[in-house]
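Order of writing sets the chain letters: A, B, C, D, E and F. Residues in each chain are counted from 1.
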Amino acid sequence: MPTTVPSALSGADIVWVLVSAGLVLLMTPALALFYGGLVRAKNMLNTMMMSFVALGVSLVTWVTVGYSLAFGTGSAWIGDFSMAFLDGVDLEARGTVPHLLFMAYQGTFFVITAALISGAVVERIRFGPYVAFIALWGLFVYAPVCHWVWGGGWIASLGALDFAGGAVVHVNAAAAAWVLARTLGPRTDYGRLALLPHHVPFVVLGAGLLWFGWFGFNGGSALAADRLAVLAFVNTLLAPSATILVWMLLDTVRTGRVTAVGAATAAVVGLVAITPAAGLVSPVSALAIGAIAAAPSHFALVWRARTRLDDSLDVFAAHGVGGIVGALLVGVFADPAWNGSYDGLLHGNPSQLAVQALSIAAVFLYSATVSALIVFALRRITSIRVSPRQEAQGLDVALHGEEAYSDGEGAVLVLESSNPAPAVRAAA
Amino acid sequence: MKLVKAIIRPEKLTDVLFALFEADVRGFTVSRVRGHGGEREAEETYRGTTVRRELADKVQLDIGVSDPFVEPTVQAILRAARTGDVGDGKIFVLPVEKVYRIRTGEEDRAAVTPVGTGS
Amino acid sequence: MPTTVPSALSGADIVWVLVSAGLVLLMTPALALFYGGLVRAKNMLNTMMMSFVALGVSLVTWVTVGYSLAFGTGSAWIGDFSMAFLDGVDLEARGTVPHLLFMAYQGTFFVITAALISGAVVERIRFGPYVAFIALWGLFVYAPVCHWVWGGGWIASLGALDFAGGAVVHVNAAAAAWVLARTLGPRTDYGRLALLPHHVPFVVLGAGLLWFGWFGFNGGSALAADRLAVLAFVNTLLAPSATILVWMLLDTVRTGRVTAVGAATAAVVGLVAITPAAGLVSPVSALAIGAIAAAPSHFALVWRARTRLDDSLDVFAAHGVGGIVGALLVGVFADPAWNGSYDGLLHGNPSQLAVQALSIAAVFLYSATVSALIVFALRRITSIRVSPRQEAQGLDVALHGEEAYSDGEGAVLVLESSNPAPAVRAAA
Amino acid sequence: MPTTVPSALSGADIVWVLVSAGLVLLMTPALALFYGGLVRAKNMLNTMMMSFVALGVSLVTWVTVGYSLAFGTGSAWIGDFSMAFLDGVDLEARGTVPHLLFMAYQGTFFVITAALISGAVVERIRFGPYVAFIALWGLFVYAPVCHWVWGGGWIASLGALDFAGGAVVHVNAAAAAWVLARTLGPRTDYGRLALLPHHVPFVVLGAGLLWFGWFGFNGGSALAADRLAVLAFVNTLLAPSATILVWMLLDTVRTGRVTAVGAATAAVVGLVAITPAAGLVSPVSALAIGAIAAAPSHFALVWRARTRLDDSLDVFAAHGVGGIVGALLVGVFADPAWNGSYDGLLHGNPSQLAVQALSIAAVFLYSATVSALIVFALRRITSIRVSPRQEAQGLDVALHGEEAYSDGEGAVLVLESSNPAPAVRAAA
Amino acid sequence: MKLVKAIIRPEKLTDVLFALFEADVRGFTVSRVRGHGGEREAEETYRGTTVRRELADKVQLDIGVSDPFVEPTVQAILRAARTGDVGDGKIFVLPVEKVYRIRTGEEDRAAVTPVGTGS
Amino acid sequence: MKLVKAIIRPEKLTDVLFALFEADVRGFTVSRVRGHGGEREAEETYRGTTVRRELADKVQLDIGVSDPFVEPTVQAILRAARTGDVGDGKIFVLPVEKVYRIRTGEEDRAAVTPVGTGS
């Protein structure tokens, strides 16, 4: 994300950031669909709700103190409370768009990052503790990490490059996901029964909508309707396309067949990998990054499924590995001919790669450690896992009292009026 | 009275329907089921998970018939549902003690005779 | 909606209104999904079609005479026919965007408003009479009311505030919905059997897409890519988030559980409530409006289900109550520091609240009365309700000759050629 | 598409083309949904993948050589390799937007055009040969045809009008579809059993998303945020609305009922028909074009179903007939009062109609011929059709080893570790 | 022991459930099926394709009952499932040789007596 | 010949499949059903509507076996499907008069012997 900001509002820049904020918001329902399609039908709504709830909880957290902690001046480690409750966040220019819009755009990142974590713990976590976790995680992990990288903190000072959130969003969420999956333990039948995606068309549609939204995620991170935005946008178009191709090849070599879940996963991996690099590398390098990123995530995913680590929807393999690969490769491919200033290994600056590695490691370690602390704190208060009976019944009915797909058969109306209703007779 | 329960391939259902109509059998109940038998099983892969499908899609027909209709019904199904490949399915003939038509309360033979048709 | 309009075209403003018009158009299929998920599978397509058909019928009505009746100079009560068939609606500037674009943008509002009504009468209304109703309602109710509020009519003269359609869209549609539900009577099994949503994931996805589209609905109502658009956009992001939080709380208190249908409904209620206020209040007030709006709609919805009023998808509770709450609260929270001119109760102008109440009452009464007249007229010509047998069979098969989800089993091809086909044998 | 291009970048134009490129990209997953809903459940994923794969294969083909062949200077017949691997495609202005953005925007057209073809051959084509076909078709058919019409080739020199791709996209794809359907032959049970849409809500949602995306397809083809974009956008709003109305009427006359599949199809036909005309005719003419286009496609579709030509999802009737009607009508309705320069029959230039007819015929013949050559070449190498057994089993399981909707029952985990697993016991 | 197999209209399921509860029948298994009989068939159109639905949605109940319960069960269903229009469905009574309750291994009468209820 | 009809919990299906394979039972048909019995019922809320689910998801197996196989089949299911909680399901054994294999027309015992396996 660029740091030099001229001082007057620009209509075109406003439109682009407005559109981008809308697009990033759409990513959260899209993720709900993508994740939901991958679980069993009896856990569909719970899985969707774990994304959707972030639209309530995380947004409110963000405007109350999150934004201020992330972007307040503060120290090299964290912002401050100067903008709590949007104090001073008004319609005046921050760069070429109103400060309020900048805050909102960043807020949509906060929402989707929290939602990403849920993929690791579907089908077994209690809803309340999950909500508490993402709220606390937002404040104690996302806000400081965001400050480090984009809020003028120590990682920014080191010169680490993270265009739209390879470290802040993906590695950060993946570390939390990994810790949460470890702590919760695998699903009861994990590794014994086949736990299959119940609705692959939703997975494909979800991937399509995520891609569409990602144009706002990466393209909008230019915060202006300029060449940088175009570069970021086009790279976001090209990288996943290369990832899909290579992934299909790997699928074919491994099983002899191209799969739809694989292609949808590949699109997401390619999008993750290009995120830190979108506005910093040439389009041809974007293709290269997309192509290179396929293999590590592919094998991480296959390997993970043979372990006891039930990171159920492979948040770590997709977002962690993909994010790390992308964040490292930006240190290789960053090209001043395209981004105007930053150079990577191939352009004579090998030290950038070290800085990238350091920033990834720092984010990963910090996120994993604090996530673990939050989980342990929550565990002292309450149980964070559903009972085996609830798990067998499905979380939709057990936790939400709803079914995703109901034909209404055998459902008897419970009348709460004084009416001498059938429901009463039934109890007889 | 007998209940003829046939398990057939889904793609053969329409042919079986016509065969039954031709045999003047006009009352039956159909359901989607899945079967395990001698068929070679398909493997599926979802990300890192590989599974073997032990069940293949089938369709089940339940046909209540009076005794003289048992044989024609069975023959009609045998003829129409056969492909010759493993997985064509089975027919079971079960004894029935009583049949009622809900609309009229009619019993047994009368209960399975379709409206307006002399079977 | 602002009334002062400079006279030259602006590229940025054009883009923003183009994008917004596209987003509002998307709301109609999104509503089809949201409503469709809430009905039983056998009425899915009919429910979707009641929204989708507005894209045909209402748009054509709009360009032929609707737009002219709403925005033609006319009187304080209604426009005129001067722009019928788009006469004089050209590419010259109306404000900073071409007149044609303004017409189209307003047309997308007309479409979605008509579609909203259908939620009250799903699963039992005949399709033809429904289409006739929304066509007539568009001309005799929407067009004049729109003229009153946005076309320079008497409510505008009173100084009532309705940024993006609290009265024009939501209260207006809800009044018609209420009348239609009353007149048609409840579904046969209403209050006796459980009539459950058949596809909650569609409800959640529909809500997500509606939210996305609503950025165009509220943000675009600024008709320019300016501070006002940013304010309206951000308020549209924040209000529903507060509504979701409060709604989840109410759900938990009432039933001990957070529901997905509830969260999706809450998002819509929050969006409805902020609609009249979007560009007029501060972001913190938007949060407040969102939070406050949750309770009335929540309880209206719970209470309604115990009555004999089968407003099946709670158009009144969500859009009527939500719209009224929002339209009143704009009279409380309107803040000249943010909108530049208009002040509400909290900023020293208590009379605004009275004006708001008056405008709501007028719109509600007018819409309810004329809707009733239209229904009675239609009833004289034809029956507007399906037969009990069709209702039992499901409207998809009965009215449209289609099934939403078909596995093709037992469907026999009817050949219309001379071919001696199986179909013929089957008849033997 | 306009050819006069000023030479500096414009922020507003950049935003509009960015947004449009995103919208067109979304059309491919939308098409996957639309097509997928129309096939049987057992072929859902294969059908979706035939669209989705174009996002991998076609995009990569485009950036490697496709773009250069289409838009390189070259001759009247084809471009050249001067921009292969995006050589020289940079962030400098091409018109008022960066060259790179123009390339990307055109790339999204390339993707969706390839995907359109798949509708003709669903439920029976092998996946590998299909992918090979669209890759080769892109290079040998789309690239030259695009060059002829938009790249300064011979059809452009003739003065043929094709605003956003009536000939380049729709007629072109339909010719290939027709050839492919003929060569492959009908599905085994075609004309004997009922092969019904398994998920009509997806068809309706798909149509809604396609419409939304089409605003970028037609509106973005102005390549600027100007009056032309507004005209193209509004016409894209109005034409399908008229088509839906007329189609519903035809449906009612023919079968007595309005259908959801019909309405969704009508929307697409209207969009196809307005595509070549979007920025060239008045809004009232757009309504006329939409209305006129309904009948030919409607009857083509009904008639086709009685033949042995199993163009399964009626690519020819919708895109071929719709595209031809639209491309001819632009020769009738083109109006210099709206588009600034081009006139059709009704504005005193009957020769335009002849030019239009010639261009359609040329594109159709060329595409059909070369498509046939490609198919024959592929057939010499491999079989392009699945076995009857695979067809009966469904292509999802047979080709991709996946099920679209799985409840996991009877699926036994195959463990690849050394674990003495149940899977082993099962084999005993 | 008998197995009462009833095929009814889906919209009558709730009524039948209550009738069974009133007859003190508290164990049964329900499935979605489709039936062909004397009902008038619906035509459907999908683009150029017209089809006739030969099957109508039905619900099937399987109720294992001890002999004295057969008659009350059948009567309860006959009463609750009737509309009088063609398509109301059928009841079949099948002989059963043995019943087990999986949870306890109990057999026959004991196996179909719901927990904590004297039936 | 008998038809063993077992109603079990969905999450126990895989275990039951393996138990059947071990008992050398390799032909059966499976369907999704819903059952009412002694289980505590879940309440659900959709907006203002509260409902009680009277039916729980179950899976039904229909297994045609020759007489000597009845007991092992029943025992395999009893063992593999038990959790001990209310809701484990039932097994019914029904008499069968005739069985046909559609592919070959073979009857009875021969009809239920899987291809290439001596059972």
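The rule is simple: contacts are C-beta pairs under 8 Å (C-beta built on N, C-alpha and C of every residue); 3 or more make two chains touch, one makes a residue touch a chain.
Fair warning: this is a prediction, and the values are worked out from it, not measured in the lab.
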{"item": "Subunit E and subunit D - chains in contact with each", "value": "A, B, C, F"}
{"item": "Of C-E and A-B, whichever chain pair has more C-beta contact pairs", "value": "C-E"}
{"item": "Between subunit A and subunit F, centroid-to-centroid distance (C-alpha), Å", "value": "43"}
{"item": "Between subunit C and subunit F, centroid-to-centroid distance (C-alpha), Å", "value": "50"}
{"item": "Centre distance in Å when subunit E and subunit F are each reduced to the mean of their C-alpha atoms", "value": "18"}
{"item": "CA centroid of subunit A to CA centroid of subunit C, Å", "value": "32"}
{"item": "Touching two or more other chains - residue numbers and ranges from subunit C", "value": "10-12, 15, 19, 192-197, 199, 255, 257, 259, 261, 306, 401-403, 407, 409-413, 416, 422, 426"}
{"item": "Numbers and ranges of subunit B residues touching at least 2 other chains", "value": "14, 17, 30-32, 34, 36, 44-46, 49-51, 54-55, 85, 94-95"}
{"item": "Chain contact graph, described as a line, ring, star, complete graph or other shape", "value": "complete"}
{"item": "Contacting residues of subunit D [partner subunit C, same complex]", "value": "10-13, 15-16, 19, 23, 40-41, 191-201, 204-205, 207-209, 211-212, 215-216, 219, 224-227, 229-231, 233-234, 237-238, 240-245, 248, 255, 257-261, 263-264, 266-267, 283-284, 287, 306, 338"}
{"item": "Of all residues in subunit B, those that touch subunit C in their complex", "value": "10, 13-14, 17-18, 21-22, 30, 32, 59"}
{"item": "Sites on subunit D touched by subunit B in the complex", "value": "189, 192-194, 389, 392-393, 397-398, 401-403, 409-414, 416, 423, 426"}
{"item": "Interface residues, subunit E side, partner subunit D - complex", "value": "44-51"}
{"item": "Touching residues (chain side subunit A, partner subunit E) in the complex", "value": "407, 409-410, 412, 422, 425-426, 428"}
